[in-house]
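The following pair of complexes shares a single chain, chain A, combined with chain B in the former and chain C in the latter.
This part shows the complex of A and B:
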């Protein structure tokens, strides 16, 4: 059997019994056609070389116990608080869907003729080139729910989403569409253990001068398998900032696909991941500079112990004519023992001659000299280690502009470190 | 205060004896200086006393107010009042100098069973001590020693000492890399801390630091041993004649 037919077979098995949900019918059908042409990812795919997709491909999701959700994040924040349970919007547990400067709706209940009809799946579809992302197409076809957010001005407050799950084997497909008009501003926060197996897509379309901030915390559930995609499309002078904190999870693949379509825009993606034991965490980023004078930054750090595995695949593609591009990429892992490993594949592909692009990737242990210096000042071993781990992650947290949010994230990191001292 | 007896130290990794029987007794309130050529084992002594990995003590002992120093973790030695101003202060990217100072101070207090210092009291204290050492707000905010000049790093060591108020201070070549003005600042910082209950072990290569920080006793160290002990005049002798005569004398 050829590779293509193996993939088609795997897809047919995976889709057996699944029906397209109602609404967004045209977009779902074309997504399914895309997916059928691609098939499911396999171990032979270069893009999945470091991450085994078989747990995602399997028909049945593995149960993953809902562990202690830990302290809620962003609780002190004045925000529109929304709740999804097992992939479905829970109106009763949520604030009203009203926010000045923003139109808020839900995918599952979007009426015919809704603005998102044309936007839904559009950036995902565009993001399938030059590299196929089958799980994103799957998501557009089968998403059960999600938010449809149209920001027309400066949003009065952030939208803060909490994901909860009731079932150990919850298999959830969520899809948000976020559109910011010219000059609009919006902050989007996400947290919580969404599913035992999660497929999550956010499409973000930023018009000229729009400013978007995204902070998410992927919850502390050990057995979780998750594949997420962010598709961002930036107009001139737009600002896109996304930070992800990942603690635990058996498998997490976070993809970010970012395209600069207008000049003078900025996109920063950052991630801090911490894993202990059965933890495989993959950050895969693809940034396309198709306009002049844009700035992209990728800052990804992972703390790994007891055999945890970290993966980073980051690409900066600078198209012909995208002069004065400023592209930066750093991926680093702190290995707390010899069993853990970090696999990195940084890539630059540049077709313009006047650009500044750099990338770096390192992995190493805690600096013994710094550790001794701290201890010689009276800081006990564990506390000194934690301080140095937080210091290692500091660059990623520095990408969060709101100091209160950054403080929340730091507290979450400290809690995790305290739980995983030995 | 500090009693070192017949201390023998070798490297853990290789079979190399570095300290070959060091004996030293520093009483409360005393200032002792150790001088000696490069490679004689001065820094090794300071590291072994403060508990750095990589050395094994093959013989001898070291006690601080009677307690076995060598059996304690480095952080416990610090909480018991031992302080080492490093010859090469360490850069810690990502950890703010203020955070570092507050964490250290509170950790020591906690180990000793004392309450944490309040944020307000801490700020007041650090500002006052920093001012005396001409350490500006920017240096306090920056990550520990990152981007500091040689002199700034050394002043930062003295600031830590002033904040932590140890009873046994070891200064390892705190004068190296300092210009005359910085040397004055650092010496004033040290002298301000001199008291009846606090002792100093000042390791230096040159006599000039000892013009500012007047020692009670001067030891000459060579090849892992104290080869001569005397008063401040011994430092002058080294200054005038170098180490060659002294070394010849013992051989």
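This part shows the complex of A and C:
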């Protein structure tokens, strides 16, 4: 049909003379074949109903300025600090790749026969069904670098990655593969402007009883376009927790694709997004319960002003036989003025009867009564508003287990609010 | 209960006495659980238009109804448009490809070839059909009815049998109040200005695949006009019956509620058991002007097909209310228990400032049934309000989807929406799905959406069982409790029928 040829044509234009990078050849070639069959997303795709992918599809990325807003996050943490500049690992600026309980490597320099050879692209490929995610397939095919992390026990400390940018128009494709053995524990932190246009994938494979924490801060770059995917596969009794803070950025599409493959596992995904002006933020989550007694939780909140647009597409799919599933989903938006928009599609698709699934979605302005109360107690208007906005976002931060990290994130929110008071 | 009789079979299970705390309704309902009650066919001589769809068929339908040229042109334009349209497949429904050429688009009882002047001239077989369905068409019989308790509401009925309207009751009395209630084919002749002004003004002929098909081939349906400031003196009702085999039914309902007027409208539908699927594509348009209010209640009980999914109605319906002026109000209430496939989204366009839309729905899918139903609330005016309460119940191997849209446009300031959609699963082979779209484009409006999915509560079941109820009785009681908010929104008679339907539809789903 017409639509398919348009998508194929858009893909051909976008790929131009792009060559597959070295290494992981087999995985890259099959990913490219997948991508060719899908074509690029178009505005008429149901999955892109609320987000226009044309800026991602364009051959040239638009330059994006970085607004420096003070101290980097997680600076006080004892972590292995790694730095990527314009999408390439910077060994000189990074700590040594040694960490007890963890084997650390880089995609660009992975030798033949590396353990990640079979893992690279595997979860991404599985995550293409039932809904196609062309930008993830693109990523597997064209990723220039990324981390290959194999955690065999309890990691001695977190790995903290900072993405720096040297060029205003940097176009970066990053792909991390993280594998946790049975009972392993690991915390992964990410921050930094990364690129004017970023395509980012993390594949996370959690074996039985593994525990994984992920905290990510996207921000400080006003004109950024980003499409990110997290593919998580959970074995029995595994724990997966991911929190994303997004401040600014022209377009951000964060997808999380989570699959429960073993019983009694838990996955929590949370996101706090703040946008002022030309800001389009899309959280798209797809949780598949394919095992019994698993718990999933999606908590997403957005603060929007001056024409910012927030999108939430969350889906809980409970397969036949996934009894005793507990699925929860909440998406809320605070619209600070009349130009802002919140567009949501919270979906449930359930094929098992003994389940408890619910979703809630609300949107509205700051509660006048609460504001009035604070002002009547002598709190100035701006401060009262900031206080209520922080209270609104608090549920998402509550998903972060580490108090010190939560404090860092809270401070970041306060800085943003102070800068965007008017 | 006068007009729409429950007609529950006599209890032939004498041991079922009323126990303390179990109301008789529930017992009767459970006892009445049986196969589809309306599955018989009337053996009546029919006139069919040739099978298939073409411009000639469209012309023939128009000619049979003696329509003016403008309406024929309107139909032909729709037909030509339809030829270039694709059947939508975004709903969570799977069914074999429909062959639109393998259907009869017009079927009428032979005795209706010359339209009877009054109900006395109507073929007794037809009247018997409606009597058997519990729909009395003879108003004198109803007026003389001694059993009707005091203060019983009367209901005027328009009965549509396959493609034509058989008769409308209480016309004279309604006319006194200035209310026009007749078949749409009659309205085209008697009130052409009204029809021409409003037909297609809510659901344009280009709206969607099924509505466009309906615009081309609709054969009959009901027309209602309530003049300004008039409270319709009785409830109006249309009863749709598909009888003929391989025949599609395409009715079109147009209701205009003028300024300050009020009407409550009921709609019921049944069809015989057939092994083949039958197509039903209706369009309902409501035009509601300043300060007017329409209540539209549906009990949809088309034949759902057998346990293996053989036969049953394919129900593709476009229903839309246009609250065109300030403070207009509409309330859709639907109980969807029938049809093999349901594709139906009664919508409210809240255009007038302070207008209000409500949607209450129970959708039950059992055996191989599939339902994809919900509503759209389009907030355009200031301070508009909407409320959605949807209860979906899935049993057997059925799939039940709530699909809805709440849209707050930038100018719809200070508006409000509340949505509650709950799904209940009975058995581990069925599915319950929720697909809401929420679009908020101004800051002063509040939108709240809640959805839950669960199974029949074990504690409640255990409690009922411990009081001596059988499992089926207990489930019927819990399910009726689950649906209560919606049942309460129905007019009294319909609520009774709906309550028993809820139980009947779940027959065989327990144990």
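To be clear about the criterion, the second predicted complex is superposed on the first by the 419 of 422 C-alpha atoms of A that agree within 3 Å, B and C clash if a C-alpha of one lies under 4 Å from a C-alpha of the other, contacts with A are read in each partner's own complex, and residues count from 1 in each chain.
Following the convention adopted for this analysis, a contact is a pair of C-beta atoms (placed from the backbone, for glycine too) under 8 Å apart; a residue touches a chain by one contact, two chains touch by 3 or more.
None of the values given here were measured: they were computed from a predicted structure.
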First (chain B), second (chain C), both or neither touched by A:387: first
Partner chain(s) touched by A:368 [first = chain B, second = chain C, both, neither]: first
Comparison of chain B and chain C by chain A residues contacted: C
Contacts of A:378 with chain B and chain C, given as first, second, both or neither: first
Touched partner set for A:323, first chain B, second chain C, both or neither: second
Contacts of A:261 with chain B and chain C, given as first, second, both or neither: neither
First, second, both or neither for A:247, with chain B first and chain C second: neither
Touched partner set for A:119, first chain B, second chain C, both or neither: neither
Partner chain(s) touched by A:417 [first = chain B, second = chain C, both, neither]: neither
Contact residues of chain A, present in both the chain B and the chain C interface: none
Parts of chain A lying in touch with chain C, wherever the complex brings them together: 46, 320-321, 323, 333, 335-338, 340-365
Complex contacts: residues of chain C adjacent to chain A: 90, 92, 410, 413, 423, 425-455
Touch list for chain B against partner chain A, complex: 50-53, 73-75, 77-79, 83-84, 86, 89-95, 99-100, 103-105, 107-108, 111, 143, 160, 164
Contacting residues of chain A [partner chain B, same complex]: 368-370, 372-381, 383-384, 387-388, 390-395
